[in-house]
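The next block holds one structure in the form of structure tokens; read it before the comments.
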Amino acid sequence: MKTNNFYYLDKFMAMDSEYDLADIVVYGVGFDGTTSNRPGTRFASSAMRGEFYGLETYSPILKLDLEDYKICDLGDLELSIGNTERVLDEIYQGTKQIVQDNKFPMMIGGEHLVTLPAFKAVYEKYKDIYVLHFDAHTDLREEYNNNKNSHATVIKRIWDILGDDKIFQFGIRSGTKEEFDFALNKNHTYMEVGGITTFEEILDKLNNKNVYLTIDLDILDPSIFPGTGTPEPGGITYKELEKVFSIIKKSSINLVGCDIVELSPDYDNTNVSTITACKILRELSLVIGDNLENRK
Amino acid sequence: MKTNNFYYLDKFMAMDSEYDLADIVVYGVGFDGTTSNRPGTRFASSAMRGEFYGLETYSPILKLDLEDYKICDLGDLELSIGNTERVLDEIYQGTKQIVQDNKFPMMIGGEHLVTLPAFKAVYEKYKDIYVLHFDAHTDLREEYNNNKNSHATVIKRIWDILGDDKIFQFGIRSGTKEEFDFALNKNHTYMEVGGITTFEEILDKLNNKNVYLTIDLDILDPSIFPGTGTPEPGGITYKELEKVFSIIKKSSINLVGCDIVELSPDYDNTNVSTITACKILRELSLVIGDNLENRK
Amino acid sequence: MKTNNFYYLDKFMAMDSEYDLADIVVYGVGFDGTTSNRPGTRFASSAMRGEFYGLETYSPILKLDLEDYKICDLGDLELSIGNTERVLDEIYQGTKQIVQDNKFPMMIGGEHLVTLPAFKAVYEKYKDIYVLHFDAHTDLREEYNNNKNSHATVIKRIWDILGDDKIFQFGIRSGTKEEFDFALNKNHTYMEVGGITTFEEILDKLNNKNVYLTIDLDILDPSIFPGTGTPEPGGITYKELEKVFSIIKKSSINLVGCDIVELSPDYDNTNVSTITACKILRELSLVIGDNLENRK
Amino acid sequence: MKTNNFYYLDKFMAMDSEYDLADIVVYGVGFDGTTSNRPGTRFASSAMRGEFYGLETYSPILKLDLEDYKICDLGDLELSIGNTERVLDEIYQGTKQIVQDNKFPMMIGGEHLVTLPAFKAVYEKYKDIYVLHFDAHTDLREEYNNNKNSHATVIKRIWDILGDDKIFQFGIRSGTKEEFDFALNKNHTYMEVGGITTFEEILDKLNNKNVYLTIDLDILDPSIFPGTGTPEPGGITYKELEKVFSIIKKSSINLVGCDIVELSPDYDNTNVSTITACKILRELSLVIGDNLENRK
Amino acid sequence: MKTNNFYYLDKFMAMDSEYDLADIVVYGVGFDGTTSNRPGTRFASSAMRGEFYGLETYSPILKLDLEDYKICDLGDLELSIGNTERVLDEIYQGTKQIVQDNKFPMMIGGEHLVTLPAFKAVYEKYKDIYVLHFDAHTDLREEYNNNKNSHATVIKRIWDILGDDKIFQFGIRSGTKEEFDFALNKNHTYMEVGGITTFEEILDKLNNKNVYLTIDLDILDPSIFPGTGTPEPGGITYKELEKVFSIIKKSSINLVGCDIVELSPDYDNTNVSTITACKILRELSLVIGDNLENRK
Amino acid sequence: MKTNNFYYLDKFMAMDSEYDLADIVVYGVGFDGTTSNRPGTRFASSAMRGEFYGLETYSPILKLDLEDYKICDLGDLELSIGNTERVLDEIYQGTKQIVQDNKFPMMIGGEHLVTLPAFKAVYEKYKDIYVLHFDAHTDLREEYNNNKNSHATVIKRIWDILGDDKIFQFGIRSGTKEEFDFALNKNHTYMEVGGITTFEEILDKLNNKNVYLTIDLDILDPSIFPGTGTPEPGGITYKELEKVFSIIKKSSINLVGCDIVELSPDYDNTNVSTITACKILRELSLVIGDNLENRK
């Protein structure tokens, strides 16, 4: 029966590969249970699906096109909202499945704590792994609101797993004195305060290394990205982040996992924050697709 | 391969029947090309799909449940935005297909002009047909902005087809002196100014008659429904509209087509307009499902 | 030179009579200098001019049409914003000029204090005058923020001029214990708490009396009118206010001056508050036009 | 040192009694961890403190004044956001302390789950207790999102404690078929669908009984209260809720605890939802103060 | 009769020259009928008239003052909204009239398609003409939504008229692979991706050439200009655009026509987008006025 | 009685020193009575107190922590809103008291006119004083809206007191031709148009001089700071302003008074403007604390 002049906007445009055939799997994780300031990142992936259609599939900066890659938008993960530990396990299991199927997991948060279980699932496969962390905030607290697992402790928890010399932090411009001391004076992580000027240099050292990439979108200046839980003035511009993608494209690192977190769409009625997150998703998907092609 | 803990919000919740099996077909028509005031009804169906999940499938007023009916959300119709005549034909063809397949067409606009081609497709099958028109505005102009086909002329165009004694208008509270004269003094249509108090009485006279129902959501007071092109103070409350549904449920009319138009979601940042449109869609779908059952 | 396919939206639609020929003069007074809560009523008249075009000139409730009356929109009054006393004098002078030219002054505020100088100018001509006051707030304080002249004292200042038995207050639902005592127990004014049910009865007693009408739009419930300085839940609906206009139309009072105050348009992004104020302006202009006709 | 021409807006206006001297203790509980739809009720109490100053201390409907009662605004409770069970215990402990000090606990949520621990603390003191529940939603699920403790299960959990004939639900207009069956057919709770018309009658039966009052603000129609997690069209008006307060005032029940929940202030940029919640807090505090006086 | 202490905000401030005396004619064209994403550019000119008064008439960057030029704000063009072809002809006729009267046409859109008929009217007089195109999008499609005339095809349609080597595109950062290929590889237009760094150089080559300037405001980064149909992150800053004006001022090109398009004011509740469009209108009017003076 | 698990957000976080012990006193002055464009700066200090808790006390740029300084948030000053002259005196008296108590006054406006009385109080103690003025607007008019004292004349009034060579203006990009002539050609003030590039150089010349610092937040570009009365495109970025703070920190000037003015929080629903103002307050407080320490 012919009904083909009707259409749905059910998936990210041009991310409609069958799961079995896909190289990259995009999935939403709408958890914001430990968020201490403005909540709402739970709505990020659905808001992004609605705006993604305003973009083109082609990137004139990267000179790559989404149509040329096999990407599957798997939808959103069912979560036991209200029980943090159970939710973390659900994210872990969901990501593990993708990793075990030899697909690249590209997670859309949610708050930053969702990175912890996703990273763990990737880490189990790629033990020798480095983390590139883009953020306004250190996320290096030992505890927050009496919880060890929190959006404010997530990188510390990853450091518990990886130890020194594995985590590279960029754009950081907020935290306690202790957190900056941990990174800058005790050198437990590499941290560049406020900027991304050393990024290319760092990437040169990670040739052929496995890399997990986590992007807290509040690394962007609130002028372009007000739709987030804790906007922090003094961030980087979109053009600077675009340069990050170009540098990754030229590099020889092995990307093995990735997430984009902390879009809280309802705090920006212009939708520009959501549109910006969408463009970042597109550019990043292209860079990952290209990275995977080059390693085949 | 097990990926079943992931899900999409791609269709109206509980409207996921296969097209072939469905009794009712819901489809979006995102056209607002003749809108003279605030545009944006093009986004109505997609905004509604995002909010529908906040509702339950059960209506405690109607005591009916969506799970008990076979409804297919067919998605949105592809339209040649920019060319009004071609768009009207596309809506006509899309609706005709549904009607010919012996399914009930339930269209979500768009501006009110979309009713014209949908009605025509229904009319071709059910020549002896009555129109129930809920609206704040008469829509009885002969011409608007130099166009015969316009959101402000749509009921006049239907009258061109049906003639006198076939169109019943409720809630009307805005129009030119000429339009009110046409309806109230010349009796070309039945019109109740501002209210719906005679609705039950009218319905009694339409026993076993074929009825097309068109609901311009601006019949509601702007206090509950600001998200529309031309809000008109002095409208009915949601509870009054709910009574309309109960009256239809008890009646013996034969519903043969229906539309809900003029939600412009971006003009209401609280999303209450969209949520209200969703609840109306649920109640109406239940009433239609029940009406079809009773006629089987 | 023909440039007549261009147009401006510079005046309230259909209020374009020459000043010399006009019976009713509409003018804006954008003062909000004593506002203690949310400011912004300064923008009321310009916001209303922009939205008025969404209305029709015909009122199906009143069965009157703006086209049939001679109304001049004179624009906005120039004010020495920052100096309350000078502004009050400017309003007084501006209104006096209109009154002296034997035209009906219809002022759009601004905060409620603007009523004081406008009323004074009208009072100088019509000494035997009654005031109908629609509002959520008593406005009967003796002093506010150390000022005798304030939006919270304006009706008390008018009482200073008129004394007992001249002021009728409707819809009032907020004030200090002392203010309610002043009105309800000491009977210095007639006050109906929260409602307008006695309005028709009161009007019957004012046959052939000169009446000044002041409408603080926050008499409306904040569900339909959030765009005001101090929204007060529990107000009347638009339909109830519409009844007020119908009652005035049927009455035999002599309207001699009028104002509509306290729209703060930027607090309602849906623009419904502004649209509602526009419809009230239309209905009121029609009622005044009709009232003037009947007295000719 | 004289600095008394400076002031803070740190507490609810006129709720500045010393804790030791207070009869009523108001406190905020900013938890929204199990919220399934729009979050943000965490900000309710702080948003309300900012808007409360726009009100008067006197209620012309109740003819009572806040100045006449000893009310202590204790601030907000510190919570281990992210760990639901720990948060519930913190609310329980905080409320218990107030109850044990023989003060009336008046809690401002947060989501509706916060009622459970507060109720428990009150129940431990007043075993023979009845619950008056105002809400749009049944909240009678056995489990939600895999959790027994949830905003959608809270009344079921209270029923687990109290059993039949103790819970009275008003205004309910959304839930699953099973939930309505539980209340309406199996009579486990008394439930009035959509309205509050039987409230006076019910209250007559609770003479001298201990009563806990829980108000989910979404009982109000979204036209006046859009700022909530799950707006549900068809609710009661503010005036109807005001009548509830007058009925309680006239009754002989023994109020022993109370909460107001589910204001999510950031979803209503007009602030009318927050203002409405403030007015309800004022009226309720007055009714409680009066109720306590009468029992002294 | 003296009414000169009243004023209207009916025209762009300081653009009140008589049409017959004016050198520059500003006019609004509120058409957005082929807009595929967010509509609303129809409101651009009226929104701008309301905000223009917040600016000064003097530009400290350009050191020029609006008071020194003869500019006529002619108002908005009447359009047969709903019929694209008729609207295009109405714009053509309106512009032609201005051009024939030897005045400089400065059009405010509206969507970008309005440039086509305006350009045609200018082209008929100045056959040897170059186009400077500032935009985020290529607008070089052959067809869009089944229409040859669309906001997405407008530059292609102009290329149909002018052919190669006449169109210079700046700031472009979105389009299909085919569109970039058309410009960058096949050299049908000159295109600078994302920037305006070569602008001065290009202008040097256009000495004494006739130039039509079309500015799609989405060339600006969405951080400063969210109020547009399709915001595209990575745009230029306002300061960069200001440099464009300074470069034009110093150049020896012959400006013969100009437009500013794609402000959709309702998508930016802060009004910053509208204010920015106003400042661009001021700077551009000054540059044009200066350019015309220098050529006298 | 233990109630210490409750807390208030009543003061700026970490600004809770006793007044007697404090070195720096922060106070709010909610006056916007001469504002000619968008009002609302009256709400700045209370909005900022609500958002300040989203920040950390530590600045990684300045490497200073609020916990290390004695700062007292004294609350807001009571003002006779509606009477400009009386308000100015109240601000003068309030500031004088702080200055006389040998504390550093750090005022949060309000509109820019509030600087005049605060400056006067400081000037009386420190006659040999320089003013650093950050702003988009010259504020050098002789009169505005018929008033000598206005937000648009405030720097001219200070110049009346100080004369030439004492006032340094940065970031200025709007004003009349006369104002720029006053500063740039007649050298009555030092003015840098649009930028802050000479700031370090200027500061070198003010070694050991008394300096009053006034920051009109609209110096920032509206992309990051839309929440102000008169947004002016082309401003500096937050990072550039951050550099100003670092330069002051390194300098040897004697800071003796400071204010931050013109945040109008309700015009930015994302709250980014308020958050940015908070971060500026933090950085400035740290710089001042450090400056005072160094001079001890």
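The first chain written gets the first letter, and so on, giving A, B, C, D, E and F; residue counts start at 1 in each chain.
Following the convention adopted for this analysis, a residue touches a chain if its C-beta (ideal position, glycine included) is under 8 Å from a C-beta of that chain, and two chains touch if they have at least 3 such contacts.
Fair warning: this is a prediction, and the values are worked out from it, not measured in the lab.
> Which chains make contact with subunit D and with subunit E at once?
Per touch definition, common to subunit D and subunit E: A, B, C, F.
> So which chains are sitting against subunit B and subunit D at once?
A, C
> Comparing centres built from CA atoms, which chain ends up most distant from subunit C?
Computed centres place A farthest from subunit C.
> Let me check something: if the centre of a chain is the mean of its CA atoms, which chain is farthest from subunit D?
Here the answer is chain E, farthest from subunit D.
> Averaging over Cα atoms per chain, report the distance between subunit B and subunit C in Å.
About 38 Å, centre to centre.
> Name the residues of subunit C that each touch 2 or more other chains.
221, 223-224, 267, 269
> Who touches whom among the chains?
The list of touching pairs comes to A-B, A-D, A-E, A-F, B-C, B-D, B-E, C-D, C-E, C-F, D-F, E-F.
> Give every residue of subunit A touching subunit F within the complex, in rising order.
It comes out as residues 37, 172-177, 180, 193-194, 221-224, 226-227, 230-234, 267-269.
> Can you list the subunit C residues touching subunit B in their complex?
Where subunit C meets subunit B, its residues are 54-58, 60-61, 65, 221, 223-224, 237-239, 242, 269-272, 275-276, 279.
> Write out the stretch or stretches of subunit B touching subunit E in their complex.
Counting only subunit B, the residues touching subunit E are 32-36, 38-40, 42, 79-84, 86, 144-147, 149-150, 266-267.
> Report the residues of subunit E in contact with subunit C in the complex, numbered from low to high.
Residues in contact with subunit C: 1-3, 5-11, 19-20, 27, 46, 50, 74-78, 90, 93-94, 97, 101, 269.
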